[in-house]
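Below is one structure, written out as structure tokens, with a few remarks after it.
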Amino acid sequence: MAPSPQQFASDNYAGICPEAWSAMARANDGSCVAYGEDEWTSEAADAFRQLFAIDCDVFFVFNGTAANSLALASLCQSFHSVICAASAHVETDECGAPEFFSNGSKLLVAPPGTSKLTPEMIRALATSRSDIHFPKARVVTITQPTETGLVYSLDEIRAIAALCRELELKLHMDGARFAHACASLGCAPAEMTWQAGVDVLCFGGTKNGMAVGEAVIFFDRTLAADFDYRCKQAGQLASKMRFLSAPWIGLLQTGAWLRNAEHGNACAARLAEAVGAIEGVELLFPVEANSVFIRAPEPVLAELRARGWRFYTFIGGGARFMFAWDAEPQRVEQLVADIRAAARLHVAVA
Amino acid sequence: MAPSPQQFASDNYAGICPEAWSAMARANDGSCVAYGEDEWTSEAADAFRQLFAIDCDVFFVFNGTAANSLALASLCQSFHSVICAASAHVETDECGAPEFFSNGSKLLVAPPGTSKLTPEMIRALATSRSDIHFPKARVVTITQPTETGLVYSLDEIRAIAALCRELELKLHMDGARFAHACASLGCAPAEMTWQAGVDVLCFGGTKNGMAVGEAVIFFDRTLAADFDYRCKQAGQLASKMRFLSAPWIGLLQTGAWLRNAEHGNACAARLAEAVGAIEGVELLFPVEANSVFIRAPEPVLAELRARGWRFYTFIGGGARFMFAWDAEPQRVEQLVADIRAAARLHVAVA
Amino acid sequence: MAPSPQQFASDNYAGICPEAWSAMARANDGSCVAYGEDEWTSEAADAFRQLFAIDCDVFFVFNGTAANSLALASLCQSFHSVICAASAHVETDECGAPEFFSNGSKLLVAPPGTSKLTPEMIRALATSRSDIHFPKARVVTITQPTETGLVYSLDEIRAIAALCRELELKLHMDGARFAHACASLGCAPAEMTWQAGVDVLCFGGTKNGMAVGEAVIFFDRTLAADFDYRCKQAGQLASKMRFLSAPWIGLLQTGAWLRNAEHGNACAARLAEAVGAIEGVELLFPVEANSVFIRAPEPVLAELRARGWRFYTFIGGGARFMFAWDAEPQRVEQLVADIRAAARLHVAVA
Amino acid sequence: MAPSPQQFASDNYAGICPEAWSAMARANDGSCVAYGEDEWTSEAADAFRQLFAIDCDVFFVFNGTAANSLALASLCQSFHSVICAASAHVETDECGAPEFFSNGSKLLVAPPGTSKLTPEMIRALATSRSDIHFPKARVVTITQPTETGLVYSLDEIRAIAALCRELELKLHMDGARFAHACASLGCAPAEMTWQAGVDVLCFGGTKNGMAVGEAVIFFDRTLAADFDYRCKQAGQLASKMRFLSAPWIGLLQTGAWLRNAEHGNACAARLAEAVGAIEGVELLFPVEANSVFIRAPEPVLAELRARGWRFYTFIGGGARFMFAWDAEPQRVEQLVADIRAAARLHVAVA
């Protein structure tokens, strides 16, 4: 099948980046022990330990839904609850997976519209009830960057972590696009995670250039007790594990993990900059990572669709564009040009 | 890392076969819609419909544990039970995954030593209790070929299916090595499944030459209602689905699915034939697919280990060898020669 | 222990009414088969069939949390969702039980402040998403009367049921205080349930004068398939079932079920009427059943506490009073007098 | 309904004993706070602390299935396993409740025929597997007395507990008839539980003379963390808790708990003694508590049925009789006489 023109509806539309691909190719040479007892897997885990500068426990699972749900389930019991933002992927786009894996943990969701949690919101949710008729808060999950493309600053994370310690809550980070946050802040992975007080991180591989796979990283290794059994029981142990782990070697050892993210962020920044200069179109959120949410009149969006663009839309006239490692600069420019043209055609001059 | 000499401890030790690999490479060209809305996925599903000569529902998941557990969970409620053989993978090697995905369904296990279920065993298990203090039997699962390398004949499957209809049980087939059974019986996939009365099949991709992935196939499409939601919630929906589905196109359209299996079976047959002529070593089971279980005195097994062979052992002095698509004939001969030599050294001549 | 002066903080504070008690005493005569195979249980089920004028399936469980959760779990799978009001007990006071019993079904909650669902709210929630990344709506649950003491009219229920049929949703009624709604509307139980389109009802016994026990009533008997197994597995099958079922005979055959509710409602009406005439105190909701929510300045509430009254409070200065079968009229008058006095003392005259 | 002649098919056939009944009557005087915040509940918990001579945590739930399942679920995760005897009620008669409450924990069942576990069986089950493809053993559950009426000696319990400590397993005791074991051994409750190494006990109330209710007792209080939330979420928190707790006061403070058990045991001993002298009828198990299992030719059993006796039968020609607090001595003698007569009629003299 001939590929269609590149779309920016999702960073899941991208394929496998060259570094991940060639690592898979290398790993495909000959026979190899299964279920993660192989050298590729231990080397990949070591690469994470080096990246995070800590002796953490690393597990490789198939996708982000499972990574988040398994991590959260390991931090709480079914009668506990998990605090999250209104836009959190665990709440909006995982079809009840956190509730399923945990056998019933409730998500306590911050007010509509929130995508970044604050200590105030967390305190309000965690302390709103203290009777046994309502699940006891035990975990806070933040998405870094958020589903709306915002990046928590190190200080924001530290403040949340401090509150978590005060309230005896664990802190989980959904890092489906963790690399993009690192690229955005220009900080070391350690600074944004365990040094800031994060207990468990789900580090996304799929949106970072892999075919499949996420890493669950326990900085507090006591929390990882029997997590390997948990993965196995939940259908998240790959038999030919090398194909889940070797791509990480390719990404981490070559620096592609960060370059890929920087490229996505740069494309988003380019679009954001251009949109800022187009009348009748505006950004819904500051652009801090690899996604751009624009507000535009429906005729503008229709025009974009007519010109062949695919994108997710939101109530009130929003469109989302996301940029992966493979975003072609000229295709980004084409999008800019089409938005400009659509706006010119359909935005009434006051 | 340089690959070590080939081992036959498991068919999970094999890598990705060329047909699957090149399909992945083709699928990696450009951007593509996610979550299974892509053309690769619909083409792969169509390839299955053609292979099975029926308009079945096809779902692609990550591994066999999930495929089996999701299929079983869709066929019963938590207070129902699943009948299986004592050697069934769902009972012995999935860490309670069927119980987890179904939220508590009990496995009713046939007597120790069984690897093939018979109508008599099924009737005994299904009718042993009829009070509400014990889970109600609802599903029968058979592994084809069994974990011990036996292949149910078409008549055996038909007899089980007839009993299932009589007792209002659904029939699930764990086909982790389904292709090997087809190759062994020389029958059409349809004959061994829906034409014989199988309701749901888990068709293994990993042991058939893929990196990752199994197909869950509902011949009775009404049973597949909302199964896509079930997969999503259980962390089994791949975002970049094309990399799970395209390899099936490679396998099915080129005939590699069957050739790979035939090759594995032939290697097993070669080893079995040779072992039959070695004094002091004997086959534990008839060799009907790609696995060979041999009984040998411990010094013989120790000698094999000393010569660098890896294998799983069993109580009473057994060793298992399994052959994948990549088994090198000269390496099989080397194994034969080493078994012969080990037996000569360590088996006392009467 | 000598009983303290009667409190109206909850209708769970009441004991066992005479009719339920004497039925238990009668049932306690001699030995009796267990697990619901006894005559008391079949007679109690028949009494429900007569009350509802339909051949329904009736199950007796221990409490309302279990009744609701088991009923909901029988109507949906883990990847489905349940639509409820913001004040719904299943959402606010069951510690995640619906999620637990269903293994992860999500509650889709109407906007804050809602206690009665409307067809508009249901449509909005049921149709907000139609992709597999979000649980599919399958059930609507309404509490009759609501947790705020409002009663759905027959027309309101019929309108909701009509929408449920349109959207292929099942309709569950949490009738923890079902009798109070019947007493309020003066209608037959059948009119408010199956004739209006309700599929499953949880009929509360505890708040109606029993020690323990609720009835789950399936008007569509096909929905009750294997529900007895579900109860057993979930720890909701009483061995000495007669003590759960016989009290229902006492309540239903003597008419106490309705008299008890009428009494509670009358006490609430009396308090509501009196409060309407007290300056500075007002009703938060129309009083349609046995609960009264009043808004009063904090000093008034403090004064009430100082005078020995216990009650639940709400953000913004509310207090709840609930009246059971045992509410003593002179004690209600005492409460009225104390509210009047407290208001006189602490409400500034404008 | 007039009571039928007393039957000994189950000790669940008995009603509420006078001491429990009068405690309920006393508790029914006036209004009382709900959900276990009442004085009856704290007094009942204190009575347990006094009985066991330790500051344990006590929870009151509705039935034995829930008590066992909740206790086991609190001791392990879904990917762990529970070791039990073949006759264990959790395995044979709880419809998969342990798997349901724990979200998938597997029961590792000792060989068929076992009703008492031994350290050897436990070691074999706990160490048979140590890979992540099989659930990790975490708990041992023993039933005291067993479902076959055998009583573990203190030394037997201590030996099991010592092995549990060695293997890092928790020890749970299903004490559905705990009182009967105390009566049988003549030991203090403390000796048979925490002093012997038991971590958690489910103390049966129903079979001890109550209408409904069991107590879950954590001797190691750290294991009880958030167990109140677990009970609530699982539908096991009674709103009118006093009716679940007060009967315990009646049983424990009057000594009825032990007298009731002694009476049941004595009736069983009487039957056993008589059966020992009847030709053609024999005991299947030593009679150490309140149950008697006899083996008799089918015509003898048929004759008993014809004379109006109800009993559970077992494969191979067994019948079970169980004696509760209410067993009438003359009715026991009638059973003895009928067995004698039936044997005389139907047992061929050699």
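Think of it as A, B, C and D in the order they're written, each chain with its own count starting at 1.
Heads up, the rule we're going with is that a residue touches a chain if its C-beta (ideal position, glycine included) is under 8 Å from a C-beta of that chain, and two chains touch if they have at least 3 such contacts.
Keep in mind that this is a model prediction, so the values were computed, not measured.
**Q** Would you identify the chain whose Cα-based centre sits farthest away from the centre of chain A?
**A** Centroid comparison gives D as the farthest chain from chain A.
**Q** So which has more C-beta pairs touching, C-D or B-D?
**A** If we tally the contacting C-beta pairs, C-D comes out ahead.
**Q** I'd like to verify one number: the distance from the centre of chain A to the centre of chain D, where each centre is the average of its C-alpha atoms, in whole angstrom.
**A** Distance between chain centres, rounded to whole Å: 51 Å.
**Q** Distance from the CA centroid of chain C to that of chain D, rounded to the nearest Å?
**A** 34
**Q** Using the average of all C-alpha atoms in each chain as its centre, how far is it in Å between chain B and chain D?
**A** Their C-alpha centroids are separated by 42 Å.
**Q** For chain A, give me the residues that contact two or more of the other chains.
**A** Counting only residues that touch two or more other chains, chain A contributes 35, 78-79, 94-97, 100-101, 103-104, 132-133, 135, 229, 232-233, 237.
**Q** Enumerate the contact residues on chain B facing chain D in the complex.
**A** Touching chain D: residues 78-79, 81, 92-97, 99-101, 103-106, 132-135 of chain B.
**Q** If we count contacts the way the header does, which residues on chain D are in touch with chain C in the complex?
**A** Residues 1, 3-4, 6-7, 9-10, 12-16, 21, 24, 26-35, 39-40, 43, 61-66, 69-70, 94-97, 100-101, 103, 206, 211-212, 229, 232-240, 243-244, 310, 324, 326 of chain D touch chain C in their complex.
**Q** Enumerate the contact residues on chain C facing chain B in the complex.
**A** Touch list, chain C to chain B: 35, 77-80, 103-104, 132-133, 135-136, 226, 228-230, 232-233, 237.
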